[in-house]
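Below, each structure is written out as structure tokens.
After this come two complexes, each holding chain A, first together with chain B and then together with chain C.
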Partner chain A sequence: MRQTTIQLGEEVEVRFVGALTMNDQAAFRTMLADVSQRKPRHCAFDLRELESIDSAGIGMLLIAFSVAKNSNYSFSVDHPTGHVRRVLELADLSKIITIRM
Partner chain B sequence: MSLLARLVRWSGPEQSSTTPANDAPPAPVAAAPDAAEPRGPEPATADPMLADLVRHWQGLSATHRKVIHAVCSEIGATSQLVETKVVDLSRKFQELAANTLAQSVKLNEVIETTARVKCNDREIATAEVMQIIDSRLGALIAQIIQNSKYSVQVVCSLDDVVGNLGQVDQLIADVERINKQTNLLALNARIEAARAGDAGRGFGVVAHEVQELSKSMNAIATRMRGGVGQIVSGVRASHAAVRESANVDMTDFIVAREEIVLLMQAILGQYRSLTDTVSGAMTLSREASGLISRSVVDMQFQDRATQRLQNVVDALSTLQAALESMQGKSATTSGLPDGEPDEAWLRGLIAQRSLGEMRERFISAMLFDDKPASEASAVQESGDVELF
Partner chain C sequence: MGWQTGNHGAATPGVDASPEAESAVGALHDCSILIVDASRLARNQIRVAFEKAGFSNIDTAVDGLQALSKVALLCPDLVILGLHMPEMDGFEVCRQLRAAPQTARLPILVHSSVENPTDIVAVFAVGASDLLRTPVHIPELLARTRAHLEHWRVEQRLVAYRSRVARELAAVRRLQAGIVPSEPDLHALAASTGLLLRGTVEPSSEIGGDIWGINRIDERRVSVFTADIAGHGIVSAINAFRVHTLVITGDFDPLDPATALANINQILCRTLELGEFATFIVGTLDLLTHEFIYATAGAPPPIIGHFTKREARLCEARGLPVGVSAAATYENRYTQLLPNEFLLLYSDALTDAPDGAGKPTGWDGLRQIVADVPRHADPAVTLDRLWMQLRGGIPSPPPDDLTIAVLGRPARKESAS
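Showing the complex of A and B:
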């Protein structure tokens, strides 16, 4: 998985490319710490180029949501496509996290 | 006077004072010769042609009476046969209507039975089963992703613990290094105390104690290193196990929900299709039952048919009586004997019937005065009467 963090005013956007799995846990954790340090009002994970995600990846999205909640900024998952979108829908993730198609 | 005029004058109809039943035409009544009346026509026997005509008339009358008698019997038998069969048919139709109605009841039971599923002494609507399964699957998947979140958190925490233990290991190494320096300092102090002689004896004792303390500290540090090493090994093993567990991709179970939902929708669709089909069959059964019941009512036409046939038989009987009366009057008036049926003509009439059983009955009625067919056969075998 490759990720790029972009600051857009008070919003931070993180773009993911490839696959989000357990192997990306350390990098993900570092990225989350970086986002929190920026103290944004909103953080968006752009998944349009994320090709696949496993259950650990979904767990990481939930952790990101918890961190955002504890750090008082809003969080959303944007533009999931293909397999990722299907998995997120079947997992009913939209009941917990804001998903913007 | 023409032959026809003479015949009419001789056998002209008389007015009847009574009206026959069933509005049948009044039957000519043979009247006895009345001495007070004016002299009638001359006897037919006086005119050979007229006598021959009267004989023909009498023969024709006798023949027609036989035919009418046979036809009346046949109509009666046919009416009885139709009535029996219609009654039998009505009974069967009623049974059919009852069976069709029972069939619709059974079909209704099928719908009611398939509409609910019994599970753990609880009845659930079939349509609700899918909702329950989807709900349970949703809860299961929610649990799966929560567990995934916890697994990632545990892995992160264990990463931190392993890192912290590395720091502890470094601290122990620092303690060991300081101990070595302390031990070296104590040794140097003892050497310097020995050089100082009596003045340094007390200092030498202190240096010795410091050296002993340093050794004890070194022993403790060694034990700590061993203990921390065991903890590190255990934590690393747990970290590896948790990581391996977290690495198991559960998305197959999540995606399986889609397949299960599709299967359930297919089953539900099939169930609805079955229900529609059975409902349609039930409606058809009820309609068929109603149609059969109405048909049974319609078959009561037989009552009217029987009455009509009875009226026909009555009319023919009246005609037969009239012919008999006319024949008697002709015999009395003409002085000629009663005419005999034209057997050859009757045979021709019988031969034209296409039904064998009907021919047998006509033979019995027309040629053997209603004797049973067995006697008629005996007569036939004896050669007295040639049949066909």
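Showing the complex of A and C:
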């Protein structure tokens, strides 16, 4: 997993590149802890450059959503494309997580 | 060889027993030590030094051959090994001990007067754990002995722990194998239904979180499910057992798989931890009407292929994985599985597998693979080819828990009039 965290005022954006899979769980937890420490008003995961995601990746998005909820900031998944978008649709994640195209 | 005369005890060439040395190894007194040296005086003096320090399990050997014999018999925790001995020298003893699996890691402390760097290298080259230069200083002997024994004990505990864990994982794996259809189960069901059936669950490690099942409900209906519990290893395996219990004990209407998923979801939302969930498909095939009613919870779309035509289609699939939200609802979906068609259910390990370009195969890629499998007049052969194509592209063990299940409906043969 390659990701870049950008803070713009009270908004934090994390841009993912490549794949989000079971091998990325440790790095994901570290990134999430960093986001929470910034105490944003909103956190967006930008997935436009994410090419693949497995079930572990779905689990990570759900954890990020829960952490945001418990930390009182809003959370969205932005611009999923291609196969990643289809996986999120298959899992009906928009019923839980705000997905912005 | 020379031994340093110490401040305490009898004249002990190379032995210096101080109070500090005597207390240095207090916690390891029950370890067994084998002292190997051609010199009786050296053997006795080292033995006395260890006994004064509290060690009670000491044995000796006078030459290399006796050393190997005693190691095999006594299984010591540490060997103090002289080099120059009759019958077999210390170098050869070391080589042989290192060559045997049971003594490959045994601490061997060589004591010698070697000074030449080449000789010192030779001592370690044959596998010695440490080198005590003579005249030996007792505090140093005891300190090094303690260090090696502590390390040895930790290592032995780790080996024992790993061995126990491996046995327990193997037992769990056998239990897991018992909750998915076996080859005899599938043969019996195939014989009674006329279906062609294949199925496998392969964990990515010793145990995994994938399960599947198939069951004949009545004369005309067969129900099937696959579940992929997120994650790997012990937690996923435990949750897989939970899910299996829910499926087989739940009083679900086979014609309403959406409600079955909703009920399973409610239970799992109460029992699973954050980040734990399962993707699911459950469905019922009516052999008379050819209808397949199913519901999915995050599972990849089923694929229906044809036994004689090179075609395959993706079925609809959409639903929140179970265990995520108690408010989730699911939808019954309908398709047909006609004679001469087969239904492929699978976990995402199949579609995450890389294609020729190194990208994930994906559902469209998998559908194309299914469509492209060369057909044979015998549908069982076509199924074998499909199986080889699907399974062949994934290493063993697979990088992710893998489930593949195929239900085939060979066309009825026309009876001669």
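Going forward, the second predicted complex is superposed on the first by the 101 of 101 C-alpha atoms of A that agree within 3 Å, B and C clash if a C-alpha of one lies under 4 Å from a C-alpha of the other, contacts with A are read in each partner's own complex, and residues count from 1 in each chain.
Everything below uses one rule, namely that a residue touches a chain if its C-beta (ideal position, glycine included) is under 8 Å from a C-beta of that chain, and two chains touch if they have at least 3 such contacts.
Not measured: the values here are computed from a predicted model.
Touch criterion met: A:Arg29 reaches chain B, while chain C stays clear of it.
Looking at the shared chain after the overlay, A:Met1 reaches neither chain B nor chain C.
Judged by the touch definition given at the top, the superposed model places A:Arg86 against both chain B and chain C.
Once chain A of one complex is fitted onto chain A of the other, the partner contacts of A:Val17 are absent, as it touches neither chain B nor chain C.
Once the two complexes are overlaid on the shared chain, A:Glu51 sits against chain C while remaining clear of chain B. Of the two partner chains placed around the shared chain by superposition, chain B and chain C are both touched by A:Ile63. Across the two superposed structures, the residue set of chain A contacted by chain B and also by chain C is 21-22, 54-56, 58-60, 62-63, 66, 86, 90-93.
Here chain A touches chain C in the complex through residues 21-22, 51-52, 54-56, 58-60, 62-63, 66, 83, 86, 89-93, 95-96, going by the rule given at the top.
Across the interface of their complex, chain A is touched by residues 228, 230-232, 274-277, 279, 296, 298-301, 317-321, 324-325, 328, 348, 352, 359-360, 362-363, 400 of chain C.
Note for the complex: chain B touches chain A at residues 138, 141-142, 144-153, 155-156, 159, 243, 246-251, 254-255, 257-258.
Those residues of chain A that touch chain B in the shared complex are 21-23, 25-26, 29, 53-56, 58-60, 62-63, 66, 86-87, 90-93.
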